[in-house]
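Each of the next two complexes has chain A plus one other chain: chain B in the first, chain C in the second.
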Partner chain A sequence: MKLLTHNILTSKCLKGVTVGYPLGIVAKEVKVNEVDFNPEFISRMIQKVDWPALCKAAENLGHTDELPPTVVDDYENNEEFLKKAHHFLMEIEVMNGDLVCPETGRKFPVTDGIPNMLANEDEV
Partner chain B sequence: MMDKIETPDLSHLNSTDYENVYEPAEDSFLMLDALESEIPFIKSLKPTICLEIGSGSGIVLTGLAKCLGSCCAYFSIDINPHAAQVTRKTACKNSVCLEVVNCDLVGPLLPQIQNKVDMLVFNPPYVPTDENEIDPLSPIALSWAGGFRGRTVMDRLFPLIPQIMSPSGVFYLLIVKENDEEDILNVMKSFSWRGSVIIERKAGREFLKVLKFERVKV
Partner chain C sequence: MSGRPEHQAPPEIFYGEDEARKYSRNTRMMEIQLTMSERAVELLCLPENQPCHLLDLGCGSGLSGETLTEQGHIWTGVDISSAMLGVAKEREVEGDLLLGDLGQGLPFRAGAFDGAISISALQWLEFFKVRYFNNYCLIFHLIDCRLCNADQRSHNPAKRLYIFFSSLYSCLSRGSRAIFQFYPENSSQVELITSQAMKAGFTGGLVVDYPNSTKAKKFFLCLMTGGQQPLPAALGVDSREDAPNHVAFSQKRDRVKQLRSGKAPKKSRDWILEKKERRRRQGKETRDDSKFTGRKRPSHVW
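Then we have the complex of A and B:
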């Protein structure tokens, strides 16, 4: 599960959850891959990313203060910024661990890179 | 970049895998053909997020990702954990990057995915079945059993389309004759989404079609 994916997952469909975002990450195994950098794609993707949630996710994985706290002005032309965004969105992968609902503490396991967001009937 | 979708290599999968995961059949290949015919249009759209619901073996999303390349992010959803794992393996085998989530439709993606999906592909469980006909716990049955008129699963997704799709987003849906195409078009029309048939094929006893939906522009 890349942080790109973590960025769109919530536990809001659970009973009693108001926001359910961002999910906490407790990682047991993290992989860092090299992924082709496509600056034009990253520029477009940044528009669809919740940046504070990305920063929080990076923090959960031990990367505090490595990402600028906000999207910089004129980011489309800022290669350094785009490369950082690319690294955190696309190259860091949680292989095994748990995603944690910030309101109920309910854990959603991540196994072999795949988050299991299935809820039981009595939870929704 | 080529405008052809090459059928992905599935040699890593065997009969054991297909006990729990939908083995690509005529419907899968029709969807690939449909998307191939749409490649020029899809490229002009410049999609950032492409989502496939019910990726099964991963054949369709992998084929699409291989063709379009790294200019888009590819997400797969499958309720079947075996299918989720297999989709990932298929992507790896074909040197393609895609992300997989094991969940039921788009529940866990809302509201974050609101108006962000540029391209949605859905080959749903479309076979009409009786409620008690199938073993509800069987993962493979989840891939084809569609309940009354084969519409149980897709009917749950239709009302969410206006929410999840981006302003110029496009939605591709595979159906069979029994699903009542006209009714589906009317349902989507009520959400201000216009649909048309882009390809059809008779395969055995099934009359398959792929519909393309876009937001009605005001």
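Then we have the complex of A and C:
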């Protein structure tokens, strides 16, 4: 699961959850891949990405202070910033661990890179 | 039993490990999936030359997702069968995969995606006709108690569809589309699916490619979020446009091949006489030829 995907995941399908975002990450295994850098795509994604949630996710994985706390002005032309964003969004993959709902504490296991978002019948 | 797979078992059981592997190795299946995926992306009407963030609903083993990657997009796939997702992982697809039940709603933030496609998955959603439940309950009762979910799933397909469509509507960015290629069982199923989608806020409708060809006919449910828009044109409606010919002309080709091979066509009187000659040469006991050999028989009347 890439951090881009984590950034859009919520637990709001569960009963009793209002926002369910962002999900905490307890990672047991993380992989770093090399992914082609597409500045146009990253610029567009930055508009959609919840930046504080991305920083928090990076922190959960042990990369504190590697990302600027807010999106810089004129980021479309700031290649260094885009490359950093690209690295965190697209190249870091959580392989094993858990995602944690911030409201109920319910854990969604991540196995072999695939989060299990299936809810039990009594949870929906 | 009906030939439709979704009448036999819920998708995560039907697509267990063996079936998942078979599905992804069948080249004809792969070819069809590829064509349908390309058509679905075409119907998405995405801005040209722009990599988009797309959702693949019922992504299975990643056949459709590969088309998305090929066209330069970044995608996330959701499927309920862990065996199918396992095959996708083995095939090292580029998209991120999620194990989830579409009928429980999509767990995504508002406006997360620029579009969504779904190939051959929608008919599984309302799923699991109750009459099969009892058989499977006995067989699988001890093995997989998640089957109990299937019972609940059968209670309210309309609700599951609505939960799915409304969560999809919210996670799509305004102006984007969701294209579903699926195999409708009957018109009331189409009606149910379409009405729940409209209730969830979508506009759009059904596009039927090659409507006059039984084999090539394909149904695409085109849902839009940007308000009322004209539906894209279907393929093969103009009679000059032929349905893909790997399907339409196969019988004709076979007949021509037979005539050219110099042998008599199967089951004709000449063929029968030749075969009897062959048996005599092999020394097998053969009835004598007579005026009744290979006579026309009255056709069966049941």
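Criterion: the second predicted complex is superposed on the first by the 124 of 124 C-alpha atoms of A that agree within 3 Å, B and C clash if a C-alpha of one lies under 4 Å from a C-alpha of the other, contacts with A are read in each partner's own complex, and residues count from 1 in each chain.
Please note the rule applied: a contact is a pair of C-beta atoms (placed from the backbone, for glycine too) under 8 Å apart; a residue touches a chain by one contact, two chains touch by 3 or more.
Since this is a predicted model, take the numbers as computed values, not measurements.
Model built by superposing both complexes on chain A: chain B and chain C clash.
When the two complexes are overlaid on their common chain A, residue A:Lys2 makes contact with chain B and with chain C alike.
Using the contact criterion defined above for the overlaid structures, shared-chain residue A:Leu118 touches chain B and also reaches chain C. With both structures placed on the common chain, the touch criterion links A:Glu40 to chain B and to chain C.
Once the two complexes are overlaid on the shared chain, A:Thr10 sits against chain B and chain C alike.
Of the two partner chains placed by the overlay, neither chain B nor chain C lies in contact with A:Asn60. Overlap of the chain B and chain C interfaces on chain A comprises residues 1-2, 4-5, 7-13, 21, 38, 40-41, 44-45, 48, 50, 90, 112-119, 124.
Taken in their complex, chain B has these residues touching chain A: 46, 48-49, 70-73, 75, 79, 81, 84-85, 88, 97, 99-104, 107-113, 116. By the touch rule above, chain A contacts chain B in their complex via residues 1-2, 4-5, 7-13, 21, 35-36, 38, 40-41, 44-45, 47-48, 50, 90, 112-119, 124. Contact residues of chain A toward chain C in the complex are 1-2, 4-5, 7-13, 20-21, 38, 40-41, 44-45, 48, 50, 90, 112-119, 121, 124. Across the interface of their complex, chain A is touched by residues 50-51, 53, 74, 76, 78, 80, 82, 85, 89, 96-101, 104-109, 111-112, 148-149, 152, 167, 171, 173 of chain C.
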